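When the chains are written out, they are named A, B and C in that same order, and each has its own residue count from 1.
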Amino acid sequence: MSDTNLSVLYDVPGPRARRRALVGSVVVGLLTLAVLYLIYARLDDQGQFESDRWSPLLDPSDESFQAVWKQLGTGLRNTLVGALVAITLSVAIGIVLGIARVMLGRRSRVPLVAVIEFFRGLPVVVLMYMAYQLLPDLGVNYEPLPGPDAFWWMVVGLVAYNSVIFAEILRAGVNSLPGGQREAGLVIGLTPLQTMRMIQLPQAFRTMLPAIISQMVVVLKDTSLIAFIGGYEELLRKGQFVYLNLKNPLQTLLFVAIIFIAVNFTLSWLANLAQRRMSRRSAGRGINPIHLDPGSAGNTTL
Amino acid sequence: MKTSTLRSTRRLRTAKVAAVVAVGVLALTACGGGSDSDDDGDAEATQATFEAGTTMETLQKAGKITIGTKFDQPGFGLKGLSGEPEGFDVEIAKIIAEGLGIDDDNITWVETPSAVRETKIEDGEVSLVAATYTINDERKKRITFAGPYYEAGQQVMVRSDDSAITGPESFKTNADLKVCSVAGSTPADNISSYLASKSQLTTFDVYSKCADALRNKQVDAVTTDNVILLGLVGDSDGAFKVVGDTFTKEPYGIGVKKGDTAFCQYIVDTLKKASQDGDYEEAWTETAGKVEGSTVPTLPTADACA
Amino acid sequence: MNVITDNLDLFFQGFLKTLGICIICLIGALILGTVIAGFRVSPVAPLRGVGTTYVNLVRNCPLTVVLFFIAFGLPEIGINQSYYVFGCAALIVYTAAFVCEALRSGINAIPAGQAEAARAIGLTFTQNLGSIILPQAFRTAIPPVGSVIIAMFKNSAILGAFGVSGDLLGNAILLTSSRGQDPTAVYLGIGFFFLLITIPAGLILQYLERKAVILR
């Protein structure tokens, strides 16, 4: 929220209000500190600050330090690889699905819409379990694919869900273009497909970019769902191995969380940057970058 | 480091029949480097010859093997910080591989989550699975089990200073004793038949609460699968111990391809030999048996290979 | 398909349990989310700080990690609860951050004149927020908050994956892994039941949206 909008909620504080706000700030600050201290005391009481719980993570001279960070580093790399593969495939398939949905006639797109609604309505973790148990049952064999099977359980689960989301993003992107763009394309003799490919898509795709990057955060977070099944050693799974060995779940998970948060912060920041650039560049043409249409239920992913 | 010393000591055991004099030399060289352990493996390989066309022969010729195990089961199969899995299942699998002349460096470990174990064996992606794999009829339809090599089952855990409870039978003789398990679970069902009255059973939703209740003397015992109990004992800093034998049976077997009776028989024989020369016991004491209060299992009598 | 008819009770029981989790967490997340949103717009700077920190940390952390943290971390400091309680707690803590952001976008959308008018007639910050801004913000926020809630319904499946027994995914894992049932039928079955939650929820949301628009 911008500060101007925020300050609308309360007056520019006068002396009395300022005093009150100050008292409030002090009280809340003290309360926060008190809560933090209580947590600290509890942790300390339970021996959570003993150095053998922390030193493998913090002290480079600890004998496990290198091994631990090598494991977590590999985990992060695997998480990034998984997210990248999943997002690439999702965008590719999403574009095909999205174009199909926009271009097909009202009747012929019914099956497509059904498929989209099906995958959109299911939890990603269930889709991963389906890739893990249902698809092999139907005769799908992951063995020819590179990497462990579990990598593909994860990727298939993620792609099944996110390609559908991207299809919807693309549809919103195409629909947000002024109608004249398409009409102009058709008038100069392009086929509808050519118009889509040469006129509508390039513009729509640009407006989609911020949405794609923010969806990347979602995908990155969702890679950790494979830890429930196991078999692919992404960051959380590696963290699990580490704390099972060191018996320090709280400490190890704290670092896993910090790594995830740092990576996602960077991505969110990139998304914002892309959005700002986008709105600057397209301001004159009335094309605004789109976010997921908040009105269409079920599009949001957390 | 731990696994390598374990490996070299086991090597020593197998070698001691051959030449007692050489033991000292071997002990030195085994720490020296990879080439020596290769020699050792080859020496083994010349000892055992397998009929042509058997799985053993194929694996021996290939000199490498892929084995499925768990990576997140402390004591049985847990991926260590070095990246190599450690545990009882892992050691058992290493004994089997060693008998084929395959040393540890040539074993590829694959994590096999529960639902894919049969599929992985059927597809031949792994030669065998040692992954806290309970033998049951449903699974026997798709694969063959060699073993059991360990009998998991329900046991009773008490406070270390308690000598009144010796096993599940103690609850019938003394109706004041309280036992804890998880609500609605199979272990809670199983213990019920050993109780004098229903009120002896306290149930919580997780075992850690049972452990707390035991520590605070709200209950006198906790019962569930011994594998879980071992973990609780391990976390208790010596406050708890396991007493009595298992009173339910969950036999762990080695999964191999359906109908490969020769391989199955080989595994059974290898494990029998390992139990005679102490390798089996060592595999236990170095891994799951590190937990205080655990007793060394004896190798159960193997089922017929079919 | 016999698997489904034979185990219809398990599917139905799982459906009800999942629905129960959804409703508990819906209420929890809405309450906590509103409180955090209140923090984030409050005139007291430290409260804003707490709110902002909470939202930024939780939103960028996978739900799975939040869940592991709560379920494996809290017992380390002597807090023991069932996985069910831990699971719901994680879902609420996680979703609340998104509810907060959705509400804030709702507050943002209220024309400044509303707040100015309220202030002009002498309402305090609390009165302003409680009587003027929030009632309208809730209405504008229905679509984004609703989407967040539907996403939370789907996220509730991770409780089953985590080992809370008896919900839809938990029962599916039980049927396929322990009882060796045909995975295809089982997963199509629970897929159907999940859609039975998410699709009606989407329709209800659309209905509410339309109603909110008329009311404006």
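The rule is simple: a contact is a pair of C-beta atoms (placed from the backbone, for glycine too) under 8 Å apart; a residue touches a chain by one contact, two chains touch by 3 or more.
Note that the structure is predicted; figures quoted are calculated from it, not measured.
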Counting C-beta pairs in contact, which comes out ahead: A-B or B-C?
A-B
In terms of CA centroids, furthest away from chain A sits chain B
Chain A to chain C: how many Å between their CA centres?
17
Can you work out the whole-Å distance between the CA centroids of chain B and chain C?
42
Roughly how far is chain A from chain B, centre to centre by C-alpha average, rounded to an integer in Å?
40
For chain B, give me the residues that contact two or more of the other chains.
115
Chain C residues touching 2+ other chains are 176, 183
Residues of chain A whose C-beta touches two or more other chains
133, 136, 229, 240
Within their complex, chain C touches chain B through residues 75, 80-84, 176-177, 179-180, 183
Name, in rising order, each residue of chain C that touches chain A in their complex.
40-41, 43-47, 50, 56-57, 59-66, 68-69, 72-73, 76-78, 94-95, 98, 104-105, 107-108, 112, 115-116, 119, 125, 128-129, 133, 143-144, 146-148, 150-152, 154-158, 161-162, 169, 172-173, 176, 182-184, 187-188, 190-191, 194-195, 198-199, 201-203, 205-206, 209
Using the touch definition up top, name the residues of chain A that touch chain B in the complex.
64, 67-68, 70-71, 132-133, 136, 141, 143, 148-150, 229-231, 240-242, 244-247
Under the touch definition given earlier, write down the residues of chain A that touch chain C in their complex.
1, 5-6, 8-11, 13, 17, 21, 24-25, 28-29, 32, 42-43, 45-46, 48, 117-118, 121-126, 129-130, 133-134, 136-138, 217, 220-225, 227-229, 236, 239-240, 243, 249-250, 253-254, 256-257, 260-261, 264-265, 268, 292, 294-302
Of chain B, residues touching chain A in the complex
71-72, 74, 78-83, 110-113, 115-116, 119, 123, 125, 235
